Every structure is written in structure tokens, then in C-alpha cells.
Amino acid sequence: MNQAPLGRACAAVLRRDLTLAWRRRGDIAMPVLYALIVTTLFPFALGPENALLQRIAGGAVLVTVLLAMLLALDGMFRSDIEDGSLEQLVLAPQPLALMLGMKILAHWLTTALPLIVIAPMLASMLQLPAAVMPVMLLALALATPMLSLLGAVLVALTAGTRRSGMLLALMLLPLCVPVVIFAAGALAAAQQGLPWIAPIAWLGAALALALVLAPLACAAALRIALDA
Amino acid sequence: MSSWIPLWLHKLGSPPTFYRFAGKLRPWMLALAIVLGLVALYGGLVLAPPDYQQGDDYRIIFVHVPSAWMGLFIYGVMAVSAFIALVWRIKLAEVVAMESAPIGAAFTLITLITGSLWGVRMWGTWWTWDARLTSELVLLFLYLGVIGLYHAFEDRRQGARAAAFLALIGIINVPIVHFSVNWWNTLHQGATIRLFGPSTMSGSMIWPLLTMMVATKCYYVFSLCSRVRADLLALESGKDWVRQIAAGETAR
Amino acid sequence: MTVATPPLLAASALSFYRQDEPVFGPLQFELHPGQLALVEGDNGSGKTTLLRVLAGLLHVGEGELFWRGEPLRRDHCAAEIVFLGHQLGLKGDLSPRENLHIAAGLHGARDGMDPARALLDVGLAGYEDEPVRRLSAGQKKRAALARLLMIPAALWLLDEPYANLDRHGIALVNRLLEGHVAAGGAALVTSHGAVSFHGGEPQRIRMHA
């Protein structure tokens, strides 16, 4: 008898989730389309003045990406709970936190990464100066994994409930306030030509912490939510 | 259970004992809350001198500040009992954590309302993105998340455990939010007029404030006792001690 | 029965409560390697709950579980237990072969066993690469049963394995159980239906409703 090695187990979970996402490619496009539509609405609501749009561009893109991710977050574990795959994952002789970490990684790759890819386009629709673009991408690259990790913990907590969409938003909002503040703070500083490294460093530190703790918290939350 | 927990505390953790204990404690706490509250209001609204800068407007702090303290204090109590509930699976701790949440949310709401009332007089607007008010708003959302999650589950104990976990995540989040909101506030605007500056407080203002603080704590204990008693009856409705109470009620 | 080795799984005064209402128990049983146990009881007597407790999905209410004579610890025995519940744990968008690959990745595989052989054994030859959602209920069940052949586990916990299966399917479950027991494995099975188990008289665990 062979015990499955850890690396192979991680690869199996990651490959499974990526294959599943690929088989339903249409779902990957949804958050991207949503972000595109929301961004299009801003000029209609605020007027097409370049100066005004430029001022809000950074924050608007951040909040749009966050909302688009929130839209996709709900589905992170749902199908796995419905067909019993999550039970099998919990029962597998592998560290659950690590397996969930792989699921979170797959989720980030399939929802956040496409959003980061189109973020420069969204930003230029709102006239964000090209010089700020790298800072925005850096901020998004640090902020979106944070949201995936924090969101995964909360999704795991709501795993035992039927309705979770609005509740998830209510639970996630207080947690993502600091993330939004620092990511947008870095963008605002860069736009004003001020040093932006401090908020980025804070985001990076928080991400490092979340990378370690969130999968553990996610595993604990899932065990609570399934224990019924 | 570890031996370092005193026996009486261990006994108090059993629902029927706590039910009786809370029943005895409740009227005393209510009486104390009313008496101290009236004394504090008299001291704050009548005896304390008007502020040289804000006139009589500052007097709202006798409600605002104790409520703000209670909002945080109750979150702390909730987090501690949530921790106990998760680690030792004690039913009473689950109930205390879950029944604290609405009380804490109410105090936080009072803080926000009185803060914005004061804002109308001082800033001329109902809402300003002041660091403290923003932190209070986030605290309210944390409370609402815990309450919402608790009620989303069909199994109440499971809901309590999930919400307790959320409360623990929240307690880590509170200082982070406070820090980030302060940082954000200094980034976007200068310091605003403080509602409550320590240097301007005289003794005649401090004692009503502290009295009110004790009064709100007593009210919290009273309210918690009532809510926990009702919850315990519902949770333990099949148990003998509840049947006995029900039989006693109908006999009367 | 005189057995020198301790039982694979033993329960002493095991019971489970939901909202303070007892769901089952107290139960007392021992399951030795090479033994099959049938869990019997009416609907709502807690058969599924018992299996979920044994699998580790639910917290033990009261009482104790022992694994090979030692108090049971999940990290020690997770690799040796496989659970098959009402929800089959198959991804509808993946083929049976891909589903088995994932199971093998998580749990490991028996020596000399590969997904193609396991699927052949459960009679799914020709359906290996069809998405599971296009299979019939009985075929899905067979795809889930293939996991039992694939994963190296000493204890099988099967909740209603005969549901949705035709006569040949029922015979297949019995054949799998006999093979497993003959190889020194043990199994706990819940079922309403008759079990025509040939490898000796199975142990019976009665749930009191």
C-alpha cells in the first residue's frame, strides 16, 4: 500500500479545481464582465470629465475588483459541498489546511488573475495615469490574494447555511476595510507623486500573515460548519 | 475540565444553576443601573459646568462615551466567551457570546447616533468620516455579521459555534481596523475637533462619566441575564429542570 | 473468537446527541480485520449519523472509539478509512477516470491498481472518459465504488451501498465486500435491503430508534 505523498496530493487538488474551472470557462468570464460593466457605469454617473475620473480611478478600480471577487467567492466551496467532494477532502489523510490552501490558490488563479489582467484596461477607461499603473498592479497583486484568503475563511463558515450571498458581503466588509485602505492609499500616494512603499509594505506583511493563518482558520471554520 | 477553574465557577457553568443565579442577580442589576444612571445624568446635565468651547453641546458625552466603551467592552466579553465556547464546548459560553452581540450592537448604534447628533452641532453635518466614527461603524458591521451568521444556521448550537469563530476573527480585526482607519484619516484630512479631549476634563465632568460607565455595565449584566435565561429555557426545553419550572409556572 | 491482535475498530458506550436529543447509543461493538458488520435499524435510527461519527465528520458525543487497541486519533487512522456516503463525492464535470486520479492523489493507491483497472472491475469499461454527470444513477454509484478498489484502506464505511443499483450492481457490492474481507479488511455497512453475503455470517449492530 502506498500513502499519497503531500506534493502529489496538493497537485491533485490544484489540478482538479483548475480543470473544473476550465470545463466551465464561461464562469471565469463572469467576474471580468461584471467589473467591465461597473467601470462603464462610473462615467455615466459622475460625468465624463477626465480630471474627476482621474481622481477616483484608483479607488474605483479597487472597489470594482473587490466586488467582482465577492461575486465569485460564494461558489468557492458550494459545488464541493453539494456533491460530497468536500467531505472526501476533509477525510483525506492530508493536512486539510494545505489542501484548502490549494483550493484557494486555484480560486485566486481563476477569478482574481483575470481581473488583474484587465485592471489596466479598466484603469485607463477612467484615465488613470500610465505611470501609476505598476503601483496599481502591485497593490492588486497583494490585495486580491488577501481577499481570497479572508473570503475563504468566511465562505467556510457559511458552508452549513443555505443563503449566504448577502451575509458573506456583510461579514467580509469589516475584514476588507484595512486592505482597501492600504491598497487605495498606495495608489493615491503614487498619483500625488508621494512615496507609496509604506502601505504596500503593510499589505505585504498582512498577506504573509494571512498566507500562514488563513488556511488554518479556513480548515477550523469548515470543521465547525460541517459538524452537523 | 482543568482543575484550576474553581469549583463554584464550574458549577455556575451548568444551565440550571446559572438560570437561578441570573434570576437572583437580575433585579439588583436593574435597580443599580437605574439609580446610578439617574445620578450620573443629574451630575452630567445639571451639576457639571458648561464647556468653555462647546457650551452645553458637550453634555452628550455622558451618553456617547460610556456607550462607546460598552461597544468595545461587550465585544471583548463576546470574544472571550466565544473562545471558551470553541475550546471547551461549554453551552453557557455559547449562549453568553451570542446574547451579548445584540446588546453590544445596540450600544454601538447609540454611539453612532449620539456621535452624529453631536456632529450636527459641531461640524454642521450628520456624518463625517472621522476616524472614531468610522471605526465604530466597522464595529457595528462586525456585530451584525456575527448576529447574521448565528441566525443563518438551522441548528442553533452550530450557528453559535460558527458565529463564535467569526467573533474571534473580528477581535483580531478590531485593532487592525482602528490602526488603518487612523492612518487613512491622517492621509486625507487634518485632525478634527475631538469630542473628548483628556486635557479639558475637570473632576466634575469625570465622576458623572465614570458613574454612567458603571450604570451601563449594570444594565448590560441585567440585559444579558434576562436574555441568557430565555435562551437557556429554549435550548434545554427537553430537560427536567425546565419541565419543573414550567410545572411551577402553570401551578401558580 | 480468540484473536491475539486487538480489534481494528472498537466502540465503547458510543452515543451521539443533536440539540441534546440522543440520536443513537450507547453502542458497544468490536470490528476485527476480516469482519463485516451490518448496521441495522429503521429510518431515523441514526445509521448514517453513526457512520459519519466513525468517519470523523461528526464529533463523538459520548463514549470512546479505539483504533487497533489505542484511543482513536484521526491523524493516525485517516489513511486507513474510506467513507462512501449518500453524496458520492464525484465531480460531475470530470470523467470517472479523472475522479479516481484525484482520489488516488489524496489517499494513495493500492499496489498494482490503476483507474482503468478499477473501472473495469466495477463494470464501467467504455465509460472511463464520459463526464460523470452524463452517467446514470447506478453508473455513478459504480464509479464511486471504484474508489474502494483504488484506495488502500483497511476499513470501509459504506452508507447504503446498494441504493440505486440493479441486481448485477448488488452482486458487485457483495463481490467487493467479500474480496475486501478475504484480504483482511473490515467493513461497516448500513442497508435496508437484504445482503446476500457469502463470506460467513456478518456481525449485526442494531440501532435502537
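Think of it as A, B and C in the order they're written, each chain with its own count starting at 1.
FYI, a contact is a pair of C-beta atoms (placed from the backbone, for glycine too) under 8 Å apart; a residue touches a chain by one contact, two chains touch by 3 or more.
Predicted, not measured: the structure shown is a model, and the values here were computed from it.
K.L.:
Which of the two pairs, B-C or A-C, is linked by more C-beta contacts?
P.N.:
A-C
K.L.:
Measuring centre to centre, with centres taken as mean CA positions, what chain is farthest from chain C?
P.N.:
Most remote chain from chain C, centroid-wise, comes out as B.
K.L.:
Name the chain with the Cα centroid closest to the overall protein Cα centroid.
P.N.:
That would be chain A.
K.L.:
Centre to centre, by mean C-alpha position, how many angstrom separate chain A and chain B?
P.N.:
Using C-alpha averages as centres, the distance is 33 Å.
K.L.:
Which whole number of Å gives the spacing of the CA centres of chain B and chain C?
P.N.:
49
K.L.:
List the centre-to-centre spacing of chain A and chain C in whole Å, with centres computed as mean CA coordinates.
P.N.:
37
K.L.:
If you look at chain A, which of its residues touch at least two other chains?
P.N.:
227-228, in rising order.
K.L.:
Can you list the residues of chain B that touch 2 or more other chains?
P.N.:
155 - these are the residues of chain B that touch more than one other chain.
K.L.:
Write out the stretch or stretches of chain B touching chain A in their complex.
P.N.:
Spelled out, the residues of chain B in touch with chain A are 86, 138-139, 141-142, 144-145, 148-149, 152-153, 155, 158, 161-162, 165-166, 169-170, 173, 176-177, 179-181, 183-184, 187.
K.L.:
Please output the residues of chain C touching chain B within their complex, sorted ascending.
P.N.:
Chain C residues touching chain B: 18-21.
K.L.:
Which chain A residues qualify as touching chain C in the complex?
P.N.:
1-4, 8-9, 11-13, 16, 19-20, 23-24, 79, 82-85, 87-94, 99, 226-228
K.L.:
Where on chain C does chain A make contact in their complex?
P.N.:
55-59, 75, 78-79, 81-83, 85-94, 98, 101-111, 152
K.L.:
Over in the complex, which chain A residues touch chain B? Could you list them?
P.N.:
It is residues 153-154, 157-158, 160-164, 167, 170-171, 173-175, 177-178, 181-182, 185, 188-189, 199, 206, 217, 220-221, 224-225, 227-228 of chain A that touch chain B.
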